[in-house]
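Both of the next two complexes hold chain A, though its partner changes from chain B to chain C.
Moving on to the complex of A and B:
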């Protein structure tokens, strides 16, 4: 597995897309800090970008990589290597290279602009942790889709649709149901509803550490009571871990039966 | 003869104006403050020397000056009221007064003043008080350089720092107030000034007006209170150069306006409050040159606010600039700087060519369904905000800043 991981990792490095991604984040970090010159404010702006962009790029990379390396994968499958090791290696390879680009790309400018002297170091590291989780989650989800769909175009379509559902449509439905069931107590509902969407969960996790925790009024009190405690933090982190484990688990089950 | 008459008058004059000084200390002939007051004549000065005086319910019924040496402490032993002035023309200075009794039926205070004119309360330190300075039916008082504090935990069992009921022409300046219910409380007080005070970490309000007209407060700092300042049922209040900071909590305001008319609010700073200004039933108010920075809501207008004018204010990085709960708008927004404005200025006159809409659809939705706030900064919310900006349906369509400034205002 490690060999395949290493191979996928170097393959992505050679294909230059990791560099492009890395340079994109590097530039973004520098430009943000140049315009703001304030680490804590830049963290807020960065959150908006990470929440939307990381899942999208993870999704596209995952699908693209699967379809592109399909022939080579088939070649590997002919060798006496367990299937799950091949795919796990590929999966971890992509996720790791994306995460590395994210962490280094954003980390370097922030460190240069004095992150270690700033009070927002914890917020920033939370941002990176959440971003990395989103990478792992969305690469896993897109790999699932790619494995289940033979047709390349269809696979891409489904993957983008999945991103759209989680990033935009889910919140729309969420909002409408909040307005519709206005007369009922909604704090528990909204708490649970955020758990079912990794993007929402990450957003809330970061937001509660940032500026708006008190803004939420009564709901905020419920949220803060939950997420603010160590239990809440551990719980939401483990929900994120579950969001990684479940797609990976499904991927392995799918693999066993799939006819290549 | 003439010489003698002159001498006579001189003697008379010196006699009548001669105010004697009475010293109080533990080892003196007069060892309690009560004793000193009972033998004092009108206009005398009582000098209280260093030491701890365990006395309470000290009633002063003639014009006196109470001067404390450094280290002079009056300990009320948490029983009841400590000093009661039932006279005008008095001065109290330099005393430390501690431990006022808590009562649910009586307003016990460290210094209580009843029906007095022309008095000065200065340089006193009041600690562990129920009410700090309580003034009733008085005029022309000066309260300065005092430090009033307590460590109250809930509203019911705590009193106010400086509480004035029914006053006129009072001046309150350079005081520090903390750990109380309200830092300063005004009820039926007219023509008074409050300036350069610091009121922080109070349970309820830093400063509270009820039915008090024609007052001015300026250059004060209100920080970390339940709410910074509450102005209720009052007219002609001028508020300028104040700082409202860090009033942060699920129901906190920088400035709460309720049923107030004809006020001027200018050059204030609202920073990191949950709600910068909460306006309810406030009419004919001019907001000029204020800076709203990093608040949850900069301005929240909850109803019946007419003819308010917002001009030349800075709105900087607030989560939501403005919240509005009706579709009718009778308030004017003009020449403000909005950090979220992204229009252009082709003719380079410093005024944006595209109007700015400060009310977003999302803030409208949040008004209806507060729980929806959990979706703040989500992509979907950005999209609906954008579409509402392009063609307003739910938000008042005449609520626009037609001349938004391109650059931040520095005074």
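Moving on to the complex of A and C:
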């Protein structure tokens, strides 16, 4: 598996898109710091961008890599390697290279600006950790979609739809249902509903750490009340781990019966 | 050496292999023929473990291959469409495949044979179709395995490379290896194949030497003999 990982990683590290992604984060980091002139304020703005963008990029890279390397994967499948190792290697390779773009792209400007002397270093690190989680989660989800969909265009469509659903539509439906069922106790409902969306979960996780009540919103407040800040963070982090494990598990199950 | 036992494979409603039985003995060149969509590639992919049959078993060198992977160390496969990661160079790809198979390889001779020296440091994405196919051939023939499977090996090759390919196939045969070839180019079959396996409707319709086929169909020309077999399907 490590060999496949290594080559997928090298292959991606040399692709133009990895650099575009890296440079985008680099510029974003510099611009935000220049405009905000303050590390902790920049972290908040950054959170809003990372939480929507990393899932999108993870999704697109995941499906694109799967479909583009299909013939090559077939070549690998004919080699003496178990098939789950091939796909796990590719999956970890994509996720890692995306994570590297994120960490380096944002890390460089913030370090240059004086992150190590700032009190926000933990907030910033948490942001990167959550961003990496989102990479691993959404690459896994998109790989699941790609594995289940033969047609490239359809697979791409479903993947984008999934992102749209989780990043935009979910919140809207959630909010409407909160308003609609205003008369009922909604604490448990909103707690559970949050866990079913890794993007919401990441947002709450970061806001709990940043400790900005104004931005927490209803679900965040419920979360804090129910779990407390520290336990809430540990809990949401472990749910994020599940969000990686379950799609990866399903991927391996799907692979056992898949024809290439 | 290879035995397919009562192999069934369906893709949705389409039945591709329908209780196929086939035995292939060690040594010699076997051409797997059949009209488009007759299940040639599916059959090969079942053997490679890429397609999982609904029913039946495949025995390679005395052991069932289903859900296994170690056996693939003793076979070489040339896929139909060669599409490699565009950002890797030719030499990197060769090294990678070597790295994946801990086995002695003779890629140097093959690189010289196909005149690929000047392309070694070029990225795979920039190569022409024919050159990619040559790289594909190097990757297939560089390992010493008992079984070699070639899926449409002639695609995109220039006449000189085609001659080299034929020589290569004969050389491997003389070492006592088994070679499976699928192709639609009958002159190629006529020239290299010892035996023909003809697939129709997911079953083996004919298996035997070219001479036997010509006698059976009462036709002296292989191309016509095969066309004769295929036309029976539509009759």
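We take it that the second predicted complex is superposed on the first by the 244 of 260 C-alpha atoms of A that agree within 3 Å, B and C clash if a C-alpha of one lies under 4 Å from a C-alpha of the other, contacts with A are read in each partner's own complex, and residues count from 1 in each chain.
Heads up, the rule we're going with is that a residue touches a chain if its C-beta (ideal position, glycine included) is under 8 Å from a C-beta of that chain, and two chains touch if they have at least 3 such contacts.
Here the structure is a predicted model, which means the values were calculated and not measured.
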Touch count on chain A, higher of chain B and chain C: B
Contacts of A:168 with chain B and chain C, given as first, second, both or neither: first
First, second, both or neither for A:77, with chain B first and chain C second: second
First, second, both or neither for A:204, with chain B first and chain C second: first
Chain B versus chain C as contact partner of A:183, first or second or both or neither: neither
Partner chain in contact with A:14 - chain B first, chain C second, else both or neither: second
Footprint overlap on chain A, where chain B in one structure and chain C in the other make contact: none
Contacting residues of chain C [partner chain A, same complex]: 11, 45, 48-52, 69-73, 75, 77, 79, 81-85, 87-88, 96-97, 99-101, 139
Interfacial residue positions of chain B with respect to chain A in the complex: 248-252, 274, 294, 296-297, 317, 319, 365, 368-381, 383
Chain A residues touching chain B - in the complex, by the definition given at the top: 41, 47-48, 51-52, 167-172, 174-175, 178-179, 182, 186-187, 190, 194, 199-200, 203-204, 207, 211-212, 214-221, 223
Chain A - residues contacting chain C, complex: 3, 7, 10-12, 14-15, 69-72, 74-83, 257-260
